[in-house]
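What follows is a single structure, and I will ask about it in a moment.
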Amino acid sequence: MSAPVATSPGTEPLLSVEELHAGYDAADVLHGVSVTVGMGEFVCVLGANTAGKSTLLRSVSRLVPRSRGRIRFAGTDLMALPSHAVPGLGIAHVPEGRHVFPDMTVEENLRLGAFAVRHDPAISGRFDGVLRLFPRLAERRRQRAGTLSGGEQQMVAVGRALMLGPRLLILDEPSHGLAPIVVDELHRAFLDIHAGGTAILLVEQNTALALSVASRGYVLESGRVVLADTADALADNPRVREAYLGI
Amino acid sequence: MRPSLVLAAVALTVAALLPLTLDPAGYLIRVLTVTLLFAAMSQAWNIVGGLANQMSLGHAAFFGIGAYTSTILLVNYGLSPWIGMLAGAALGAAFAALVSVPTMGLRGHYFALATLAFGEVMRVIANSWPSLTGGPAGISVPFAPDSLLMLQFKSTLPYYYLMLAALVLVTAVFVVTKAGALGYRLRAVKENPDAAEVVGVDTARVKTIAAVMSGGIMAALGTAYAQFTFFFDPETVFGLGPISIRVALIAILGGIGTAAGPIVGAFVIIPLEELANSWLSAGTAGLSQLVYGILLMLIILVQPRGLVAPVEALAARWRTRRAR
Amino acid sequence: MDKRSDHRGPRLLRPTRRAALQLGGAAVAMPFIARLAYAQKGPVNVGVVLPLSGANAQFGVNSLRGIELAAEQINKAGGIKALGGAPINLVVADSTSTPTTAATVGQRLITQNSVVAILGAYASSLSIALSEVTERRDIPLLTMSFSDQITSRGFKNIFQVVAKASTLGRAQLTETAEIAKDAGQTLQRVAIMYEDTAYGTSQAAGIRETAKQTGITIVMDEAYPLGITDVTPLINKLRGADAQAVFPASYLNDGLQIIRSMRQQRIGIPVIGGAGGYIIPDFKQGLGEFAEGVLSIAPGSHDLAPELTAEFRQRHGYFMTHEALEHAVCLSVLVQAIETSGKADPAAIRDTLHTTRFDQGWAKAMTGGAVKFDQTGLNTLSEPLMVQWQGDDLVTVGPSKYAKKKPIWTA
Amino acid sequence: MTDAVLAVANLSKQFGGLQALRDVSFTVAAGEILGLIGPNGAGKTTLFNTLVGIHKVSAGSIRLEGREIAGRKPHRIAALGLTKTFQNVALFMDMSVLDNVLVGALLRQDLRSARVTAAACLDRVGLGAVLHKRAGDLSFPERARVELARALATGPRVILLDEVMAALNAVEMDAIMGLIRSLRADGLTIIVVEHHMRAIMTLCDRIVVLNFGQKIAEGSPAAIARDPQVVRAYLGREYQA
Amino acid sequence: MVVIQALVDGILIGGVYAVVSIGLTLVFGVMGIVNFAQAEFLMLGMFVGYLAWAWLGLDPLIGSVIAFAVVFALGCVVQHTLIRRVLRAPPVAQIFLTVGLLIVIENAALLGFGSQFRSVTTPYQTSALRLGDLFISVPYLAAFLMSVVSGLALWLFMNRSWYGRAMRATAQDGMAASLMGIDADRMRRIAFGLGVGLTAFGGAVILPYFTVHPTVGAQFVVLMFTVVVLGGLGSVAGAIVGGQAVGIIQSLSAMAFPVQLQNLVLFLVFITVLALRPQGLVGGAR
């Protein structure tokens, strides 16, 4: 199922994960997962709660203590890097559960997103862009992020990631636990971001929603990729419909 | 027969016979006696620190209460220290119950700091109440001829057996508690207090019971200590460094929550202190303590779960294998 | 300031560096040598238990220096003549600053090193705990701790070479009244402040009792916790107390803070310290010119016997502190007792100590030029001295028979 | 409903300024399986925690078999017959599987008989073979079963199951659902919180829907699936199909 | 008048308590470690300040900068070689590693510097400003002003610099911080260095009125914990409030109670705050 590694840089995918085994304590969570995200592509990963979706994303960001296999991003071997070196390459990761810095203001949160590129003069322009994308954050610029509602916190988390000016945006369960109307707003924003040329790797519990925005998807079960196809094909796949869409 | 029981029987036999080969008033037996005492104190701490997972840094409070109660009763009313020991244990247990009230809801570092403050409060009180405690000048147990009733001997040998008996007793209390219903409940509270409550464990009650047991025993040991050293001052029995931190440290280095931990810890720490002191203290001031401190850090870095942890792990593996 | 730093800082560090170099050899080998030597029936082992680490380390180190000086002198002069020139061998143990350790190391010296007597342990609580062991093992303990408890328990094996704390406290007040009277002032209102240690409280008790007897009013009587970090509340109280003189009993840090804060608030009344931190070289070093005129009671003073104490100053660069002096006296008296009894046997030594008047060696540096113990073990000849910082030195100014200079009363 | 085992009336819960539950009322009949659904953050777990006494009730009443239990501590409520399992599996990780369940059984029994009960409960949930394993070493599906066994061991009348099927595949889920039904057959009253719609729809007799701390609907699975408000708030447009 | 004097004294000394305690709370805030050896770094700072005075003739207020730098570097090393290894260990192991560190530093100082009490002499240490009946001790005032300056500098660093914000981020959510490209290990190193360095700075600043010796740390350790608990463990702003509270409580309580009981009063406040408001007086604000 794994795509052959392209030799010419023009055809190499932006992110390629090959034969990844990863885990935390004794047992592996992932057993040889291969996933690719092309330049500017919108890819989603589906699966049950403990299928290993987050572990896959966290492996890319080097947050998983044990992993073997290959992860390459735009020609760089990620396996050799510590987690704090990853954002500098242009990978922004919005973790599950938002993880905003609760005692900092919205503005401080957003600005910290640019830490890895802190000398980049484009930062202030990006800041304005984030506020345009999420006007609600402009109103709450000086408010402590910990006091925001869940949806607003998710906007902070996404906005913070955008401050990096990423080539790849990793989104882990962004609509988890949010009111539908907020979810809609977020997903519109994701489409905007994607339209701007940023590749997105999305993990989403809400399968229907994920398939409606992504162009391609993978289905993970018990740490293995069991399906990989276009979003439309997956939405029509009886197995997906039965297990994940509940239809 | 379980191997741990065999081991305990062998250790006890050795401990009972060992003094016969030693000078009954000598140095070695004194070191062993102090070691046994600290093992017992640590074991008492272990009931709260190990079973309930409440890191008390204020156990000196109970220890001092026991030492002062019996000695004050002896000095002022001529009461036998045995009676004083009971009175001290009762007071220590009552104080433990009192301390439990404000510290009940605290966890981890917060509990440690609150108990630390309680220990210091007792030290300040003992220091500032000379009419009762003799104040900072300390208090002496009146000199008396050898007498079991007055718990006073010229030789160290009887104290050795006293402390050995105390250690066996406290360890038995610990083992029985741990294996009993209370032990299961305490372990449950330690692992997850909310889950324990929801399946019917009265967490406040079991924690208080553990604290009261531990405090009462600690106070009784305070009396034993007073009768052994004959003189103490507030800093000696209520001290943060000499008592509170030391008993916790012994249990932690040995292995917190295990019956063997405090004993192993005491038999490592106290002789280590003595060796460092006797080899190095004559030369340069501070060297012996420096070496001691470095060794402490090394043990913690190499074996943060205590010296008996590797043995425990082996035993656990063996048990699982047999269970299959 | 430059001159001071050249003079003080580096020199204070020097002995320590030397000590650190010895660490490899002497420290490790000492117990071993001690045991070996005993087997040859040569040297007489004398135990020394002192707080060499912890809060009282400085005083323990000074005490050890005094003992070492006396031991060297004795050995250089041919050892103990009654034992065919047997040298003194010091077996030193660190009591740290905890009583339990003092007792345990005492036990060790007795059984492992067969010491004939023990010297120490500076702080009263350490000495008392240690004496519980020496008493039960019938080993003489010579101490310069001045707590009343030392000799009030009916022990047979303890010897206190200095006056008791209550005597010191009494003298602190009566001597001061004396000095004030000579300067034409009647002492009526005094202030006491003391750290809440055995030493501070017993000293204060002595002053308090004497004040009651002599009709002097105590207008402020305040204990403060050991290790106080801010003395201003005390000085604020003193300011409102309208005292003619203040009697602080404290170690160095609080003492310096008290004097400095008094100077800041321009409280100019005489300060009469209660030994402790007021009579060590660091007091002068810390206060400079502001030490001038500060009085203190002292159990002994180096200037009573300059011919004996000069060597200490030469060796260490500061005058022989009283604890160093008195510990040297302890050793010297012990050796004289061995000489008199003719054997290095603890019981014989004890009996000799109880019955003999010692007026040789370092005993001459004590008041009365000798040491004589009564049946409780108290040196009956020891009288408290009044000392005062004058110029760069601490000089004895009272009682008049011992005074080297006239006291200055600056009220 | 006269035979209500559990009756919740006007229950509110506030955390500081946050209104986590507002005026929630519902009843559960004896032997019923009630489903509780709603988006994350709707207050389902808060409701469970408030019912069993982990959170203090801000206002309202909770009656268990006619007895007011609001304001009581969790262990008292457990003793009266109401307990729950935990969403993220709150086992006593360092204890053996048997000992985990034993703690629950100790509520009503001495150590000796508790051990027997614990083993029986573990048998019941199909874990009779791993009694001596460390709970922390179990797989997620196994852990959920231990949670269930531990709750059963307390001898409850009403049991609240918080996402016990979260980590399960279809086969495992069917097994657990079978187990839940058999418990109901034994007379237990059960409330389940579950995200998995298929499970909820087939398992439950009735469903209560929460959103933003408020009850927005209540009724049979079929009725709930059609309820426009529920569809808008929770199920999303896809379920309209 | 007496009350005002006590209040002024309390505020001045409170500033000093705050600056010596900020480090403790900073280390806890960033790493969740209660550093029992914190007061030993105060002692080291005092020694560095003392040596700078004795050897170089520097006033301790200037020497305090050297004290900060030296102890900062030492702190980074300690963090890297020791503390880092117990970050994931049980709290008991963390506490007792720092207890071991306390013993080692204290006795290393005893070996290295000797047991003498040392103090500096400065021209201003016995002077005071006089405003009517009010005395303002110059060394206290100087220490207070230095504390305010260092507090401001810390505030600016934490709130206005990339590194400061990154450190706060690490404290609040280490995982999210590394997703921002922040090297959490490095931030912890800097935080520990900064924490002990500030304490050392505070130590040097009080030299004009305090004496240094190897066990001086013991005089401050319980005090520092009280300050930090009153302010809320981990809260830098809280340490400032806590320092002021302790200074004022000490100063005012001396008017109603014997000075001897001042620690008793503090401990009772300490226990009450822990039991009723474990998050400290300042609450959730960090």
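The first chain written gets the first letter, and so on, giving A, B, C, D and E; residue counts start at 1 in each chain.
The rule we apply is simple: contacts are C-beta pairs under 8 Å (C-beta built on N, C-alpha and C of every residue); 3 or more make two chains touch, one makes a residue touch a chain.
No experiment lies behind these values; they were computed from the predicted model shown.
Looking at chain C and chain D, the chains in contact with each of them are B. The chain pair with the larger count of C-beta pairs in contact, out of B-D and B-E, is B-E. Ranking all chains by how far their C-alpha centres lie from the centre of chain B, first place goes to A.
Work out the mean CA point of chain A and of chain E, and you get 42 Å between them.
Note: centroid distance chain A to chain D, computed from Cα atoms, is 32 Å.
Once the centre of each chain is set as its mean CA position, chain A and chain C turn out to be 74 Å apart. Put simply, the C-alpha centre of chain C and that of chain E have 35 angstrom between them. Residues of chain C in contact with two or more other chains: 20, 52-53, 57, 60-61, 196, 223, 225. With touch defined as above, chain D holds no residue shared between interfaces to two or more other chains. Chain E has residues 107, 110-111, 115, 214, 258, 260, 263 in contact with two or more other chains. On the chain A side of its complex with chain E, the touching residues are 61, 63, 82-88, 92-93, 95, 99-104, 108, 111-113, 115-116, 118, 146, 160, 164.
Touching chain B in their complex are the following residues of chain C: 19-20, 22-23, 26-28, 30-31, 52-53, 57, 60-61, 91-94, 96, 98-101, 103-105, 107-108, 110-112, 124-125, 128-129, 131-132, 135-137, 147, 149, 153-155, 196-198, 200-202, 223, 225-226. Within the complex, the chain B residues that touch chain C are 23, 25-28, 30-31, 34, 124, 127-128, 130, 135-138, 140, 143, 154, 156, 229-233, 235-236, 239, 242, 274, 277-289.
Residues 49, 55, 102-103, 105-106, 108-110, 112-114, 116-118, 120-121, 124-125, 127-128, 240, 245, 248-249, 252-253, 256, 284-287, 289-290, 292-294, 296-297, 300-301, 304-305 of chain B touch chain E in their complex.
Of all residues in chain B, only 180-181, 184-185, 187-188, 191-192, 194-204, 319-320, 323 touch chain D in the complex they form.
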